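Naming follows writing order (A, B, C and D), and every chain is counted from residue 1.
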Amino acid sequence: MDWSVLLTDLPTLVAVVIGVPAVLAAYIVGGEYLVRRLPDKNRPAVRPWIWVAPALLLVAGFLVLPAAGTIVQSFQDNRGNFVAFTNFGNQLGGFPTGGAWIAIRDNLFWLIFYTLFVLAFGLLLAVLFDRVPYEKIVKSLIFLPMAISSVATVIIWKFMYAYQPPGQPQTGTLNFLLSTVFHQDPRTWIQDTTPILGLLPLNNLAIIAAAVWGIVGFSMVILSAALKGIPGDLLEAARVDGAGEITIFRRVIFPLMMPTVVVVGTTLVIFALKAFDTVYAMTNGNYDTDVLANRMYKLLYQHFPSDYANASAVAVILLATVIPVLIFNLRQFRAVEARR
Amino acid sequence: MRSSSLIRALVVTMAAVFATVACGGGGTANAGSVKVMATWTGVEQASFMAVMKPFTDSTGITLQYEASRDQDALLTTRVAAGNPPDLAAAPSPTLLTNFAKTGKVKALNNVVDMTALQSEVSKTWIDLGEPTGDGKLYQVFSWVALKGLIWYDPKNFQAKGYNVPNSWDSLLQLQQTIKSGGTTPWCIALESGAASGWPGSDWVKEIVLSQSGPSVYDNWWQGKQKWTSPEIKLAWQTWGQILGANDANVYGGSKTMVSTNFADGGTPLFQNPPKCYMHNQASFITANFQSADPQAVAGTDYNFFPLPDITSQFAGAHVVSGDAWSMFNDTPQAEKMIKYLTTADAQAIWVKRGGKISPDNKVPLEDYPDALSKSTAQILVQTKIGKYDAGDLMPTDMKNAYWGAVLKFAQNQGQLNSILASLDAVQAKAYTS
Amino acid sequence: MSVATATRQESLAVPFSPRWLAERLSGAVLHVVVIGLTVAWMVPAIGLLITSLRLPSDIANSGWWTALSPPFKFTVDNYSQMLQASNLGQGFFNSFMISIPAVIIPVTIAAFAAYAFSWMKFPGRDWIFLALVGLLAVPLQLTFIPVTTVFVKLGFTPDHLTAIGLPPFIPLWLAHAGYGLPFSIYLLANFFRALPSDLFESAEIDGAGMLTVFFRIVVPLSVPAIASLVIFQFLWVWNDLLVALIYVGGTPNVAPVTVSLVNLVGSYGQNYQLLTAAAFFSMIVPLVVFLSLQRYFVRGILAGSVKG
Amino acid sequence: MASVTYDHVVKRYTADVTVVKDFNVEIKDKEFMVLVGPSGCGKSTALRMLAGLEAITEGQIRIGDRVVNNVAAKDRDIAMVFQSYALYPHMSVYDNMAFPLQMQRMPKSDIDKRVKNASRILGLDNFLKRKPRALSGGQRQRVALGRAIVRSPKVFLLDEPLSNLDAKLRGQTRIELQKLHRDLETTFIYVTHDQVEAMTMGDRIAIMNAGILQQVGTPGDIYDHPANLFVAGFIGSPTMNFVPVTTSDSTAKASGFEVKLPKSVPAGKGTLGFRPESVTDRISDQTGTLDMKVDVVERLGSDQFLYGQVGSDSVTARVDPKMKVEPGDTVHLGLDTRTLHLFDSQTEQALI
């Protein structure tokens, strides 16, 4: 390795180590200094805006304005002419397999199964690990997949799902188990659309599973932190009262963790709606595994010239599905507010 | 008191930061630089750097090379934002053609030596470089690949006494012989992540060209020939003959076909005992053979024969593909570089390192590192009917539908009629925008 | 703590009584379940690790588990090839230069904002907060073109920034901050909101200003939340490929290590086994970050503050 | 000089949610004033307005002569002990107590002196380095007090400081707090819902209900002369007996007995109130009489309470502990007419 880069990149280094924290600290100290010079009466009105301004500015620039542009674009064609709902018609026509419907269906699968699996596993692992003395080790191990980049995650799961014809030595872990332990024919996990339990196509499940594997560390860490926030004496008291562990979980732990579960759940629902990386790398939406974000990406970047109009319509559909989640959050938010 | 000292400390550090950064601004070399974006990574990147070394050494121009396989998104964004690289090379002309049509790239007619180009490079490549049809050259091709090569393990052929087929019939016969020997003749691998299906589309387009000739081929990718027309349907059916009923001619059948990555497609050729004897892939695949087994010797451990001609009238027809260059900013440095890239000398450097073929007839056959690449180059030079990859020339929607249709056909050949009908439906829309 | 609980439970049951046995067993079951789940979860990663130590020809022809039985043919070729690849040092340096500010900026700014959203009153507060949560759903791919267009107009390109003596990473820092803020604010605000209001009122009476309350009470008490946020933001930034390519590009002087590693593989997938080694190599830094921050996930940070 | 004056103070959240209505109280310098009332009566809000934690909608609050409506909490020279103690969990006991002084930018040596002094008074010397979570409930409560003491404020505000302690500790701390009040010679304003705390600790008591101040006075005053039905029922344990009566001139007729009132009142309906200790087994010319059918007998050693029916009304009596009574008995008891209260049935105000 060539460490002389350290010298040539000195300005960057200085900016990173000193400049960035200095700018941030100077902003808030300076802002507060200005607020204090205001008359007492005006401070409460001005102060919050000083505190939220940097966040709002960044978010406005990177997310709000592009999103607003997208909404406008979704009602226009690629030359900027107003076309009302034509783009939405393209995406929402042809139910159940035309337009974006396969993607909508698969996003629904993601929404349900991805969220449920990640929440349930995260909660289970957090609660179980809390009771063993080697918690830190197992937690680190479960967290490990989070540290693996999504490119590598896809490679790993391609190894897991690899297929060789029946009778041949299998190179995929799952097919190896299937053929040696369960004496069944290997399956093409990523291509096989056989529904599981009459509902979820196997390949969708396989792709979702890979994504779940990569993100469970996230829900486990946050839920575990919330679990640690529950005072130990409360649990001890419940144990002394003779409550079983399952009762304690149901009646004490879970209700106290509820606000965190809502936060993690909301985040996961949104991650599910935005699902892209895994699908893009594994199938690019082939074999009926498409999702909205991937469909949008294809229209934007794998379509020449880019089809902004239809991509925007897909994005707006995606954004619209978030609204119920937001309403739920608003109620939760107000409930917490009312309680204090 | 505390906060004021804090503020003072901050002011001092900030001043220090700005002083440092102001002094540290780096200057670029006097000769300037060229920003280049391409998809060559890994070993290919090293080869490209080797190509560029004489250029940068002699001119003093620095090369800012950016390699990414997310080129579609990256280049689209850069161009839309008004910050394109000076030069970009793409493995297919689709993206660059789009930029040519929207006026984002510069014409090269006055940049490169047109007379030399016309004398050294076949008309196929020059026509391809003029996608707007007004005589303006927007793309040049530095390196190319030959499609429709059937790869096999000579040792296995010898052991079984199989001969390289020299006609379509003898290919079908060989296929039958291998099958009766208890092994599947073919390995086919269609999985390619985001682009799954394309290796099968190669089969179909090669058959179309060899079976029905260049004008059907051109009409077809231009959207003037229906997918349900007898010629195109016949090509699919011919491929179906290769696959066999229920894909019985292919190792592992449809499941293995759709789930095996194209990069691993040839692997079963070399297993002991071999799981298949033949594998159709473009010339680049030798790099994968070589990375899977660095000891393998070209010609001895693996070899190829061109897909035999189907209709004698169109004998010697080949599907080709290539790396296209376009120029987004006409800086003197970029112009110098693209001029350099069109020279036989530049192209020969990579040719010598293996893995690429030059379209330039001034690159001597001796420069090819082994007999195998030499014969590839020879075929290319002697090609009577060279046609560019039809899929890459189709509109995106059409191309994607084509690849998707390959996957569907591989899984169920019986659906051919409905598959072709739905391709026609896409064709009706895709060419209008 | 769990140890203390266990002894207490045992003392309640007579040794070898059915209850004692049941408790012993459930303890054993717990360990079996915990270790079993962890091992199962590790299988794909173990597979990757072993694959990274195998020859390319073996990888293509047999499953990774076959390497666990003799004859052993492990090799570190993939690792040495990967390490020899050029620009790894510069890539690492760039990754740190990108990641550190791209974590500090959004986490700090999000903490400011989350504090305001949870403990200050201002018109439209709830709606702005909700809109922020909603923005989590904006697909990033959608924002690339509009944002870069503006950046190019403002001269916020790596070339121009370098020319005027500023770090070329500024656009990327801001981008990661902008994209990371909705989640950061959402997570922190929910944590801050759960802090007992008495603490704030007490501090107010004690004469603590907003800054003091923020830095001396809110931040120390929110260490677990901040630590987890730092971990996630760091991971996302460290493992990011596309956002970096869009905003600073893939030229070696600015590209993060993810770009160097992904580019080990040829464009036709040659040498993809190098990625298995690269995956482990690039995992080291995030894992160290996780392990070093893990100690902040302590139980009951609020214990003793407001409960009797 | 640190009196506290509430002058027509109103707290309104929305147009129709008013939690404190026209609140007027003057708390004298060095007085121990208890604000008492059922939960939700507005007493905490009244205290928090004084502390500066809630804005005052209408009226004025003065500390001494200074109107503090627009003075920031920290500048009001008050200290507050919260029901939850609100200790900073990440700071040691010492730092918790030093925090308010650091905020005043007091020199370190002075801070140290004050914290040491406060911890000596409160017996916390040995715990200064501990974190709150390593303390018992009583110790935490004392840290909270210590944090208030170190500031030597003009006014101490205590918001239900004992409610998180167990019964025994509560009794002890009550006495300690009174001692502290004597030693510090400062105005204390103490909010509680517990009338026993109010009666035992307060120099004066202010009783609130539904946002309205009901009565202010010394404990004895309030006990003997409740201004209305609510105060009468809230103060005292067991609670006062209330019996609906019809009055005419100076007699009150209940469902089961008739009694002579100490003074004449207009004829009409009312509620007769008398404390259990007014119903005894002693009958004299100062008493009326009534016959009670006993349902429950409660013997407390020093006292004996009888719960039963007189006519159709429930009555509690306090009789000699030696009197032998069994449930089901009917006993003849005396009712002390000197301690009778009569409340208007409409306004609920005391008539006698």
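Following the convention adopted for this analysis, contacts are C-beta pairs under 8 Å (C-beta built on N, C-alpha and C of every residue); 3 or more make two chains touch, one makes a residue touch a chain.
Just so it is clear, the model here is predicted, and its values are computed rather than measured.
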{"item": "Farthest-lying chain, centroid of Cα atoms versus that of chain B", "value": "D"}
{"item": "Chain-chain pair with the highest tally of contacting C-beta pairs", "value": "A-C"}
{"item": "Centroid spacing, where centroids are CA-atom means, of chain B and chain C in whole angstrom", "value": "37"}
{"item": "Centre-to-centre distance between chain C and chain A (centres being mean Cα positions), rounded to whole Å", "value": "13"}
{"item": "Between chain A and chain D, centroid-to-centroid distance (C-alpha), Å", "value": "54"}
{"item": "Interface hub residues of chain D, defined as touching at least two other chains", "value": "none"}
{"item": "Sites on chain B at which at least two other chains make contact", "value": "3, 21, 24-26, 73, 76-77, 80, 261"}
{"item": "Multi-partner residues of chain C (each touching 2 or more other chains)", "value": "60-61, 141, 165-167, 211, 241, 262, 272, 300-303, 307"}
{"item": "Every chain pair meeting the contact rule", "value": "A-B, A-C, A-D, B-C, C-D"}
{"item": "Contact footprint of chain A on chain D as seen in their complex", "value": "70, 72"}
{"item": "Residue ranges of chain D in contact with chain C within the complex", "value": "48, 51-53, 73-75, 78-80, 82-90, 99-100, 103-104, 131-135, 137, 140, 147, 151, 164-165"}
{"item": "Contacting residues of chain C [partner chain D, same complex]", "value": "196, 198-199, 201-208, 212, 216-217, 220-221, 300-308"}
{"item": "List of chain A residues in touch with chain B within their complex", "value": "8, 10-11, 14-15, 18-19, 22-23, 25-26, 29-30, 33, 78, 158, 161-165, 168, 188, 190-191, 280-284, 286-287, 297-298, 300-307"}
{"item": "Contact set on chain A toward chain C in their complex", "value": "1-3, 5-6, 9, 11-13, 15-17, 20-21, 24, 28-29, 32, 35-36, 44-45, 47-49, 51-52, 54-56, 58-59, 61-67, 69-70, 124-125, 128-133, 136, 138-152, 155-157, 159-160, 162, 169-173, 176, 213, 216, 218, 221-222, 224-225, 228-232, 236, 239, 259-260, 263, 266-267, 270, 273-274, 276, 293, 296-297, 300-301, 311-312, 315, 318-319, 321-323, 325-326, 329-330, 333-334, 336-337, 340"}
